[in-house]
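Encoded as structure tokens, the structure appears first; notes follow it.
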Amino acid sequence: MAAHSPHLLPDHACLIVHGSDRPGIVAAVSALITRNQGNIVAFDQYSDDPTGGAYFQRVVFHRPDLAAALPAIEADLARTLEGSDLAWTITDQSVPKRMAILASKQDHCLLDLLWRHRRGDLPVTIPMVVSNHTTAAEDVRSFGVPFFHVPSTPGPDKSASEAEILKLLAGNVDFVVLARYMQILSSDFLQKLEVPVINIHHSFLPAFIGAEPYKKAKDRGVKLIGATSHYVTDDLDEGPIIDQDTIRVTHADSVSELARRGADVERQVLSRAVLWHAQDRVIRHGNHTIVF
Amino acid sequence: MAAHSPHLLPDHACLIVHGSDRPGIVAAVSALITRNQGNIVAFDQYSDDPTGGAYFQRVVFHRPDLAAALPAIEADLARTLEGSDLAWTITDQSVPKRMAILASKQDHCLLDLLWRHRRGDLPVTIPMVVSNHTTAAEDVRSFGVPFFHVPSTPGPDKSASEAEILKLLAGNVDFVVLARYMQILSSDFLQKLEVPVINIHHSFLPAFIGAEPYKKAKDRGVKLIGATSHYVTDDLDEGPIIDQDTIRVTHADSVSELARRGADVERQVLSRAVLWHAQDRVIRHGNHTIVF
Amino acid sequence: MAAHSPHLLPDHACLIVHGSDRPGIVAAVSALITRNQGNIVAFDQYSDDPTGGAYFQRVVFHRPDLAAALPAIEADLARTLEGSDLAWTITDQSVPKRMAILASKQDHCLLDLLWRHRRGDLPVTIPMVVSNHTTAAEDVRSFGVPFFHVPSTPGPDKSASEAEILKLLAGNVDFVVLARYMQILSSDFLQKLEVPVINIHHSFLPAFIGAEPYKKAKDRGVKLIGATSHYVTDDLDEGPIIDQDTIRVTHADSVSELARRGADVERQVLSRAVLWHAQDRVIRHGNHTIVF
Amino acid sequence: MAAHSPHLLPDHACLIVHGSDRPGIVAAVSALITRNQGNIVAFDQYSDDPTGGAYFQRVVFHRPDLAAALPAIEADLARTLEGSDLAWTITDQSVPKRMAILASKQDHCLLDLLWRHRRGDLPVTIPMVVSNHTTAAEDVRSFGVPFFHVPSTPGPDKSASEAEILKLLAGNVDFVVLARYMQILSSDFLQKLEVPVINIHHSFLPAFIGAEPYKKAKDRGVKLIGATSHYVTDDLDEGPIIDQDTIRVTHADSVSELARRGADVERQVLSRAVLWHAQDRVIRHGNHTIVF
């Protein structure tokens, strides 16, 4: 995985190709880019088994007047990869993804994302923050970001509040970040939403799934705590992991001290996942991620 | 070094004792605390050489009605340690230290301290932020903290601007934090200031002393970058180190990418140094620190 | 937790005191040490709740002619702490603990311990290595350590082989280390053994309990792998954790690559646990450890 | 940088291409591999400036009957890249590099390399260990590796002992590892040797260049110590860095404790550099390395 600038790249395209591995993919794709006047500036590939496994490739190339050339490049891609088992997507790296943030009372992940965005460290736009509490409204708006309050419907059936959130998000966002949003989203909501959802869980998954992971960590007496960013699926805390990290703790750390120190890890792990997703570096494959 | 809550502790005192090691210090000090109705809740000690070295001790004890009892305890300490080579200081852990922040254009360390303070993670008050630029004024004031703009006097002689800063700080603060304040403070200023000054340097000292450490790091081709918090002395970047940390980088990280990723390390290393200083955990000894 | 030399300390005693917290313990214990001509060189204490919680204290003191003085110190301790809820143990830090190693085919943890011991980095003696395979015999003996081969009894009932191991260990060792010993020890064996057993598990517990943790880690798609050293109890992989660590991995790491890279973490985490146990730095409390 | 198996790869070639960046390199090289019946299994590239910078590419491809096909592939490469500014080398990944180790009294890095090699974790052969002391002779030979003792010539002129070492190495090795070899090699020796030399320095360079870095670290009061592996050049401790790492230390760590704990970091950092070099993952570029 290469380190790269978090900035938007004018006239740069990112091409993701994945599917069944077979000889000559690199040559076919790079020839295609060359004949379309592109110059490759980053190239990553991975095959989980060189003899008949799954193949993953991410290429970033520079092409003057990219916007004008994209339709022709896409047609060429369709022709070139026709009949193969390979899927592809191509994105213009000068176009920021639209990221909504769902938040609750805890504001450390939310504010960290807003601050990084203002600083120019996240190549996204933030059309809205939606929260089931009003506490963060003023902070969010001071960053010039719209804030919407959607209280959680009491009781187990969240369909009313979910419907209201869906109405706000639908068509307006390319992905959603749960910045310590403490509500479980229904399978129905996720299906209707149609865009990826990234969550931050405050443990090194698969340890301490579910509620109160810091309390569970204290109870078990671990010497490390951590955080995990992952795509949300129907199975709670079981989605494909994007990034994780841990820090050392001791017997002397109380549950609230674990929460305080863990907040720093959460912020870092979530912001890395968001950056990588925004840069099309993360490819989902079953319950795994390939991160280039 | 024990992990502890960042909160103020009512009716708790912190006693620091240091000087020439001799048998019986622990016994004498703990007996003193017991006979003054104190209950020890944290006890750390270190001797750099058990046979005739320097001795360092930090004790936190709970004493109901501490404020009323403090004068008697201090008198007992003076009597007990009289004739010994041991210096002591005792502080009431319910009284927050007053911390001024000096800042410049880069706002990541400044905002991180303000945000941690608002969250209740730093047991200090922040009577003022002083900056040689006005860019952060609105942000700072949104945290309810006074902001003062003191432009740097052009040219090498900074005595005029230093005098103005000194007037703001004198008597109003217990320590000063340089949150990426890019001006070198004169020896005269430091002497008149009379309170400790904590700096964050954006390299793992003693590597890359002085200006542009990320550029120097790139030029040298290191595979780690880091940050160092230290007390400021007359010798630039040579003061006693409080904390340091590093992260891995690669050949692909540009100087601006090093700066972006290093900002996270700077924030963490500086906030830890501030917390530990605020809790009287750091004892200076020549050019070293003992951090309990 | 202080860093200390791994060497045996002539005329140094380590006193552990733990039980219900009450005011004055530090004073009582330090006065006792002073009146017995001891000079405290390291002092650690922890209370899990200053108002009525459990109290833990580790003191190392220097006392000329310690061996001669120990009976009197022990009698004084018995008198001083009589009637309290406090348990105590005192050990002579010039006397190495006797450590047996149980091993299997994987030799990395075994050889690492032997090598550290030869280098003088573990204050123990190693009276024997017992393995259910013969592969390591020559290596072990080249370190001057006796090697005993006890094949595992086929089938689920291991009582015959366990009885043979017990005969070798009984009375000859102060603690046992499972250096990737792949057999589950019966509750009966552990009870009869009567000395602490330290295991290294090749995951960051509580994730991936049981067999094949690296395979489970690959299946889950984690971005970190780790290792955990813990005391062995009747519950598999559920005993009190002494130390843990993790390293970053990527999608490109195969299961065997995880095992190769994890071996380094295992060696480090196990050797730290062994050192700390050998220095009486680890106090067990229910399913937790306090590590000073 | 991808994680890969440390094993030799039958019928796999590694092709390194580097020089001035220009459009179409990826396409040209991958077409070449395809028309020579190769299947790319790993592909890394980096350009330090997409508009006219230096370009670096490492491709591993599988080609049945590679040994027979290599001459034709090389001829094709020469034709294809003729007239360009690009240099290339191609290596058969089934052929282990021959690695000599130069050692001194400290044996931890030496034994670690021998042990990893025996375990199958380093794709090299070790034709010899040369030491200026005899202490490690028996250990080295127990690994089946020849040991040669070449005492250092007393005085500053080491030409006699260097000549003797050169005679042993010349033609017999592909690279040399200094495993805490405490002698400075002359410029003349390095020139005549003609193969790369990898050193491990026991500090996080560029901090603490030269002798006694752990003592210097203690004197400066750092809170981190580290190790650095680098290629040896005429300038002591100034060669291109391959890898570095650090660990946290405290005021309580003595110089010998720093050395004990640092030994673990040295072993890891050196073994990673050796593995990466053996796998042709490291490209030197001026005083930098690109590590794929």
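A few comments on the model shown:
We just call them A, B, C and D in the order they show up, numbering each chain from 1.
As a convention for this text, a residue touches a chain if its C-beta (ideal position, glycine included) is under 8 Å from a C-beta of that chain, and two chains touch if they have at least 3 such contacts.
Note that the structure is a prediction, hence the values are computed from the model and not measured.
Annotation of subunit C and subunit D: jointly contacted by A, B, touch as defined at the top. Counting C-beta pairs in contact, the pair that comes out ahead of the other among A-B and B-C is B-C. Of all the chains, the one whose CA centre sits at the greatest distance from that of subunit B is D.
Centroids of subunit B and subunit C (each the mean of its C-alpha atoms) stand 37 Å apart.
Subunit B and subunit D have Cα centroids lying 42 Å from one another.
Under the contact definition stated at the top, the residues of subunit B that touch 2 or more other chains are 2, 46, 250, 252. Of all residues in subunit C, only 2-6, 108, 111, 115, 119, 121, 142, 249-250, 252-254, 256-257, 260-261, 264, 268 touch subunit D in the complex they form. Residues of subunit B touching subunit D in their complex: 1, 46, 48, 204-208, 220-224, 226, 240-246, 250-252, 287-291. For subunit B in complex with subunit C, the residues that touch the partner chain are 2, 23-27, 30-31, 33-34, 38-47, 50, 62.
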